[in-house]
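Some structures are shown below for you to check.
Two complexes come next, and they have one chain in common, chain A, joined by chain B in the first and chain C in the second.
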Partner chain A sequence: MMRAVATAALAALSLAAPAKATDQQSFEQVQRGRYLTTMGDCVACHTAPGGKPFAGGLTIATPFGNLLSPNITPDAATGIGAFSDDQFVNAVQNGIGSRGQRLYPALPYPYYHKMNRTDVLAIRAYLNTLDPVSNAVEPNQLPFPFNIRMSLLFWNLINFDRTPLTDDPDQSPQWNRGRYIVEGPAHCGACHTPKTWLGGDDNSQALKGAVLQGWFAPDITPDARKGIGGWSEDELVAYLKTGVIARSSASGPMAEVVVNSTSKLADADLRAVAIYLKGLKPGTSQSSRPPSADDPHMLAGKAIYKDSCAACHREEGDGIANLFPRLKGSSLVQSDDPTTLIRMVLEGSRAAATDARPTGAAMPSFAWRFSDGQVADLVTYIRNGWGNSASSVSASAVKDVRGGNGPDPVKAGQVR
Partner chain B sequence: MSNYALTRRYFLGSTTLTFLFGGVTAAGARTISGQPPWTAFTANPPTPELGNGLLFFIPSEFNTVDAIVARLIPADELGPGAREAGCATFIDRQLAGSFGTFQRFYMQPPFANGTPQQGPQSANIPHVIYRTGLAALDAYCRATYAGKAFIALEAAQQDAVLQAMEKGQAKFEGAVPAQQFFAMLLQNTREGFFADPLYGGNRDMIGWKLVGFPGTRYDYRDHVSKHNQPYPLPPVSIFGRPDWQVKG
Partner chain C sequence: MARKLPSKDVVIIGLGWTGAILANELADAGLDVVAIERGPWRDTAESFNVGYAPDELRFAIRLDLFLRPAQETLTFRNNLNQTALPIRQFGSFLPGDGVGGAGVHWNGQNWRYHPTDFRLRSHLTERYGAAAIPDDLTIQDWGVTYDELEPFFDRFEKIAGISGKAGNLKGAIQPGGNPFEGPRSDEYPLPPMQMTYAPTLFAEAARSVGYHPFPTPSANASAAYTNPLGLSMAPCTYCGFCERFGCANYSKASPQVNVLPVLMRKSNFEARTDCEVLKINLDGSGKRATGVTYVDTSGEEWEQPGDLVICCAFSLFNVRMLLLSGIGKPYDPATNEGVVGRNYSYQTNSSVQMFFDNKTFNPFIASGALGQSADDFNGDNFDHTGLGFIGGAGMNCVPTNGRPIQTRPVPPGTPNWGSAWKKATKESYSSAFSMTSQGSSYTTRGNYIDLDPTYKDRFGRPLMRMTFDFPDNDIRMSSYVNDKLLTIAKAMNPRQIVANKTGRPYSVVPYSSTHNVGGAIMGADPKTSVLNKYLQSWDVPNVFVMGASAYPQNAGYNPTGTVGALAYWAAHAIRTQYLKNPGPLVQA
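Here is the complex of A and B:
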C-alpha cells in the first residue's frame, strides 16, 4: 500500500516537473545505462567476493594502502539512493563526494570526466533500478597521511586533466567513438598506463603497459613486438568479444574484464576500440640483446620447456589455436616486465570462459616443481626462443613474484 | 527386552538426528555450474622424504639390506644395479613412512591362513618383518657360515642364502618366516629400482634408462607413428632431470 502511494506520488512529481532532456525512468535510458555500466565494468570493483552485486566492500590494494569500494545500490542510508543527479555526476566525473569530500582516484574519475553528462546520468538511471542493499562501507582504510582527503586537492592539480574530450574532425566517427570508449567509460589506461610516483597516469606513456596488483597489463599500443602491432583489427575484436583467439587467451584480471564487460559490448563498439588502438602511436621499442642460444641458462630453460610445456604450447611455441596460447611472437611474453609471465608459470592460469568460447582452459601451477632459478631460465628461454626477443629474467625476480606462495622445491630438499 | 528396542521416542529422536545431520551435509555440498572451479597454486605434489641419514634402519641393518639388494639386481654388463640405484635408502624411507606399519591395510584379527590370491594375511607389519627378519638372517648366517655375517660372505654364498630363503629351506628364528621376508625384500627392491627418484631409489633414473621408460613425459604425438624406432628423449622424473640445472 505504502509503495503504491509512493509510486503514485513519484508519478505525480515527474508529471509536475518541467520536461527534461531525457526521462531518467524511460526504458531506453535504463538500457543505455545498463550498457554503459557494463562497459565501465562497475560491478568488478563495487562487489565484494561473495557479496551482492554493486553493494561494495571489495578491498582495493593501492601502493598507499587499502581502500574499500562503496555501495552503489540505491539504498538511501548506505548506498547512493539519497544522491541528487548533480551529486552523482559530481562524484563520478569530478571525484567530489555527496558531502563535498574528495574521493580517492581508485574511482577512475579522471576517465569518467571524459564522458558526457547524458551517459553518466544513464548509468545513474540504471543503478536506480537495482534492489537497494543495506551495506555500510567505510572506504577510507588508508594510513596517515594518505587518509587526509584534502591531500587529493594537490593530487588533482597534478594528475587530473580536466580537458573535455572533443571529437577530432580529422578522424573517422569510428575512431572518435573508440577514443571515447577507451579514454572514458572503459578506462583501459587505469591498468594499461604506467603510473607516476604519485599514482597518477603517466600520460607520456599512455597504454604502454604497467604493473598493477601483481599483474603486468601489457602494452596495447601498436608496438610490433610487445604491443598489438601484429594483431589485426579482427583479432582485437574477437579477443575482446570471446576472450580466446589463436594468438592469445585473456587470463588474470583481463579474463574478468572480458567476461564481465567487453564480451557483452556491441561489435561496432569493439571495432571502434580496435580502430582507435591500432591508430595509436607506438612507443620506441628498445630491442634488447637476446642471450645466445647456447647460453647455459637458455639451455636449461629449453630442457625445462621441452619436458613441461611443449606438450601443450608445442615444441616451436605455436600453441594450439583457441586452446593453448601461442608463445611465439606473443606480446605479453616479450613485454619488458615479465611479472605476468612468471606469475602464470608459478600459480597457473585460467582463460576467460565466454558464451563464444566456453572452455575456460586452465594451466596448472608449477610452483611446486621449479625452483626460482629454473623458472627464471624457463621464462628467459620463452622470451627469446623462436624469434622472440626480450630481456633475461633473474631468479630474484621470480622470488619476488613467488612471495610466500609455495616453497622453492630446491630449498625444500625435494631436488638433489 | 534390551535397551535398544525400537520405541516411539527413540524413533522420533533418531529421525530428527538424521534430518539434522542430513541437512548439514547438504549445505556443505558444493554446486558447480558453468566451468569447473580453479584456484591459483593448486597442486597435489608428492612429498618426498629424502633428507640425510637413516630414518628406520640402524647402520648394520642398512649395510645388510644394501648387500642383499646388490645380489637381487646386481650391476652387470647392462648397467648399474640396485645398490647403485639406492634401493636400500628407498626401503629405509618407505619403512619410515605409512608403508612401514601397513597403514593402508586392514590389520585387525583374526589372521587366518588365506590362499595366495587373498594376499598377505599375516599380523606382521613391515617394521616387524624387516627388524625380526634381519636379526634372524644374521643368526642364520653366523650359524651356517662359521660366525660370519651376511655382508662378510662371498657373493656365491650370499646367493645361496637368498635362494634358501626364497625356497623356504632356511629356517628363521622368530615370528617372520624366511620366505615372507624374502618376498618383501624382492618386491621392495624392484619398487626402489623403478620408483621415481624423489623417493630415494632409482638414482639418476638408472632403472628407467635400463628399460627405456621415458618417465613423466605425457605427449607422444610426434612419436606415435614412428614404428620400430627407439624413443629419442631421455627420461624425466617428477622433479626434472639433470639438464634442468644450469651447467658451468
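Here is the complex of A and C:
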C-alpha cells in the first residue's frame, strides 16, 4: 500500500515541469535518484557483509587481485560528502577519482558513461540523503604492477568506448529505453559479456554469457537454446520482477540482483529491457556434440538423476512451477559453460525471495554425496536429457569447480 | 535483574502455527510484533535438507526436533491418590521444540471439528436429555459455534493448501466426501491425494458394510499450490517421512512453508529464538499484563514490555505459563473451583491390525495423511440411545509410513529378535496394515493440570503436574468403535486380525498421541472457562491464549485444523474489535 502511494506520488510529480533538475533537495530528484541507484544495484558492491548500506568495504575479486569498494555515503572525510557534482560525475562516468587518480573499472564507468548527466546527478542527490557513515576504505589492494593506476590509461585506451548513447530513431521508444537501461545504469554486460584478456568487455560477444567469480552468467541474447530465444517478453518481465518463473529461478548472484534491483523496477522499464534483449542478434550457437543416450555416462547420470533429483525436478525435467526450476529446455542448463550448473549441484542454491514469490526455495548441496565423476555424469545427463543438447562434462571440470579440495564424499555424515 | 527492552505492541510467546499466524495478521494491521521462541530457528532450506531430512534414527528415534526433558518436563500421575513423578523421557506424547513447533513434526491430518462438537453439552441435552450425560463428565460448550468459525476454517485450509474432497458444500451433500461434516463454504483448495492400496481396500470394505469412507483431509499437497500469501508448495512425493520429520520438499504444510517466509520479510516483525519466556508480567492490579520476562541462552534475563501478550506455545505449556504468571484462578479438583488447568483431555485411540496372504501394500509409498476415513461413529453421528456412553471416534486407515526402524509389523507371538523375527518381518512388512479409531476424550473432575508441589525446572519454577486417566465413558466408546473396525476388517478377509483396545491405566510410556488439549479452555462463563469466545483471558484482557489448550474437551479428530481456524478467528477479533477498543471483548 505504501509503495502504491509512493509510486502514485512519484508519477504525479513526474508530470510536473522538469523545473529544478539540479536541486539537490527536490523530492522528484531524490526519488528519481533512489530509483536509479536501485537500477544500478549500487548497494550490492558498496556494502560489506554485515556493514552499513553504501558504506563500502566489500572485497571485489578481479583476475588481477582484490579491490575494496569505497564508501559512497555523504561522509565528508571517508565518503563522497566533499565531492563536487563535477567530481562525482567524473568518477562515475569517466573513472577519474576526486584526486584525479584513475579508478579501476570494477566501478563499471564504461557503462555509466552511457548515462545522461541528469540521471547521474539524481543518484548523487539520493546518496546525499543517506546518513553519513565514517568508514575509511583503501580500495586499492592490488599487487604490483596492477596497483599502478597509470596502467589504466592504457586500459581505457583499449576498453573504454566513449561514444555517447543516442536514441536510434528507427527503433521504438521502448527499445531505446531498454538499451539505455541495459547498457547504462543496469550494466548487465558487466556479468553477462565475456571479457578480453585485459578484463575489458569483448563487445563482439556482448551479453553472450561469461564466467565471473565462479559463476557462469548465461547468454541473454535470443539464442534459442542457450539464450532467451525461447522466452516470451512476459516471461522475461516476470523473471526480473519476481525472480521465479516456471522455466527458471534466479539464483546465485542473479538472485541478489533480482532482490535488490530488478524486482523493484517499474514494469514499463522491465518491459523495455525485455524488448531490447529480445531484439538483439543471437550469436551463432556452437554446435555441440551431444553424447548418445546409451553412452555409459548418460546412463549413469540418468540413474543418479532419478535417485536424487527427480523428486523435485520431476522425471521429465519439468520442475514444479514457482518452486523447482524446469531443466528441460533450460538455457542455463544448456550453456556452453557448465560452471553454474556444476556449482549448483555441488553447493546447492537458493532462489530469490521477492514480494511476489516470497518462498525462496532452496536446493541442498550434493558435494558430500557425489564424486567428481558422478557429478559429471549427472550434469552431462541433465544437459542432454529430454531434448536438451550441450557438450559433455568431464570429472576434471567438476574438480576445478570444487576447487580440488571439496568435502570427501566418503565422509558423508558431515552434513551440518 | 532483568534488563528492560523497548516496548512492543505485541509480544508473542512461541513461533509455531498460531504464533506465525497471529504475528502475520497483526503485523499486517501495522503493529510492531516480536515473537519469542525458546527453541532454535528452523527453515526448510537450512534445517530440512533433502539430503538428510529422512534420517529415521536421528529424527524419529532420537527425536531431534523435539523438546528435551532437561529443557522442560512435567510430572505425571493417573489419579489424585498417587504421587506424581517427573517424565524423564517423553513417550506417550512428544512436544516439539523450535520455530514451527508441532507444525513441523505433524503428520498433516487436517480436520474441522463437527458442528455438534462446539456445543457438545447443549446438543446432547437437546437430543438425549441431561440425564444421558454421565455425572462424572465435565464436558461443556465452547462458546463459539461452527458457523462462526467456518470462514476461518476455510482461511486456514487455503493458507495450508489442504487436499481433500468436500462432503457438504453449503448444505448439499457431495459424493466422494464426508457426508457427516459441517457445511463448507468452499471445496478444499487441492483435490485428494493419489490413493494407495491399503486405504483403497479399507474404503471398499467399509462401503460393503454400509459405512461412508472418504479421503482423509491432508496437509500433504496433492499438487503444486501457491497460497493466498504467495507461498508455494510442491506436490508430495509420498516418501513417508512426515511425523517426527520436517518436510524437505515444501509439500507438508508448516509455518515454514506456508507463513514464515512472508512474515520474516516484514520490518515490523522480529523473531527472537533460543529465548525462553519465564512468565507474563502483570501490573499491580493483576488485571493487566505489562509484557514478559525471558532468558536467553547465556542465562541473561530480559524484560520485554508489550501492550498485548499472546500465548502461542504448545497447549500444555500455555497452561503452565498461565499458572506460573498468576493469570486466572488455578483449578482445584477438591472444591471444583478455579479454571486454569481444568478440563485437560487427550485422545482415546484403538487399532486393528490385519495380516494378509497374497496381498502387497508397498507401505513405503505413503504420507502422514494419505488414507481413507469414515465418520459414521464419530461424535454424535450415530444414535447413542442405550449404548451407555457418549462420544465417538473417526475410523481411519492412514498407513503413514514404511520406515525401516519403526514399521516392522509382525503377528502376536513372534519373538522380538532372531531368525523367527526376521522371517516374520519379511513376510509381514508388505502384507499387513492397521486401521485406527481416533476417539473423543471427555473431561472429568479429576483429570487436570496444576503446578507440582515438589519438582522444579532448571530455572527453579515448579513443573507442571498432569493427572489423567481414561474415564469409563471413553473406554466404552473406544471399545464400541473398535468393534466396528473389526467388522470392516472381517470384510477384507485377512489371514489374521489383531485388535488393540484402549485400557486403563493410561501410560505415558508408549507413544499414543500428541493431542493434549484443554486446561486453558474457552467458554461462555468465566466460572468454568479461562478464555472467552475470542480466546481472550477473562481475568487479564490484554492476554490472549491460542491453541488446543482452549478445547473444553476433545473430539475424535486431529486438533490442528481447528487450532488454525481459532487462530484466524482470534486474530480477526483482535484486528476488528480489540484494537479499536482495547478491553474485554465479552462482558463477564
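The working rule: the second predicted complex is superposed on the first by the 384 of 416 C-alpha atoms of A that agree within 3 Å, B and C clash if a C-alpha of one lies under 4 Å from a C-alpha of the other, contacts with A are read in each partner's own complex, and residues count from 1 in each chain.
Throughout what follows, a contact is a pair of C-beta atoms (placed from the backbone, for glycine too) under 8 Å apart; a residue touches a chain by one contact, two chains touch by 3 or more.
Just so it is clear, the model here is predicted, and its values are computed rather than measured.
Engineer: Once the shared chain is lined up, is A:311 touching chain B (first), chain C (second), both, or neither of them?
Structural biologist: both
Engineer: Between chain B (first) and chain C (second), which, if any, makes contact with A:299: first, second, both or neither?
Structural biologist: A:299 sits against chain B, while chain C stays out of touch.
Engineer: Does chain B (first) or chain C (second) touch A:320, or do both, or does neither?
Structural biologist: second
Engineer: Touch test for A:365: chain B only (first), chain C only (second), both, or neither?
Structural biologist: Both partners, chain B and chain C.
Engineer: For A:393, select first, second, both or neither according to whether it touches chain B, chain C, the two together, or no partner.
Structural biologist: It touches nothing on chain B or chain C.
Engineer: Contact-wise, after the overlay, does A:353 reach chain B, chain C, both or neither (first, second, both, neither)?
Structural biologist: A:353 sits against chain B and chain C alike.
Engineer: Would you mind checking which one, chain B or chain C, touches more residues on chain A?
Structural biologist: The partner making contact with more of chain A's residues is B.
Engineer: Answer with first, second, both or neither: which of chain B and chain C does A:373 touch in the superposed model?
Structural biologist: Touch partner of A:373: chain B, not chain C.
Engineer: Can you pull the chain A residues that chain B and chain C both touch?
Structural biologist: In the superposed arrangement, which is not itself an observed complex, chain A uses residues 311, 350, 353, 358-360, 362, 364-366, 368-369, 415 for both chain B and chain C.
Engineer: Show which residues of chain A lie in contact with chain B when the two form their complex.
Structural biologist: Answer in residue numbers: 296-297, 299-300, 303-304, 306-307, 310-311, 315, 346-348, 350, 353, 358-360, 362, 364-369, 373-374, 377, 405-406, 409, 413-416.
Engineer: Which bits of chain C are touching chain A when the two form their complex?
Structural biologist: Going by the criterion above, the answer is residues 44-46, 49-52, 224, 226, 229-235, 237, 239, 248-250, 257, 261-262, 265.
Engineer: Under the definition above, what is the set of chain B residues touching chain A in their complex?
Structural biologist: 34-35, 38, 40-43, 45, 48, 50-51, 197-198, 216-219, 222, 233, 236, 238-241, 243-248
Engineer: Can you list the chain A residues touching chain C in their complex?
Structural biologist: 311-312, 320-324, 350, 353, 355-362, 364-366, 368-369, 415
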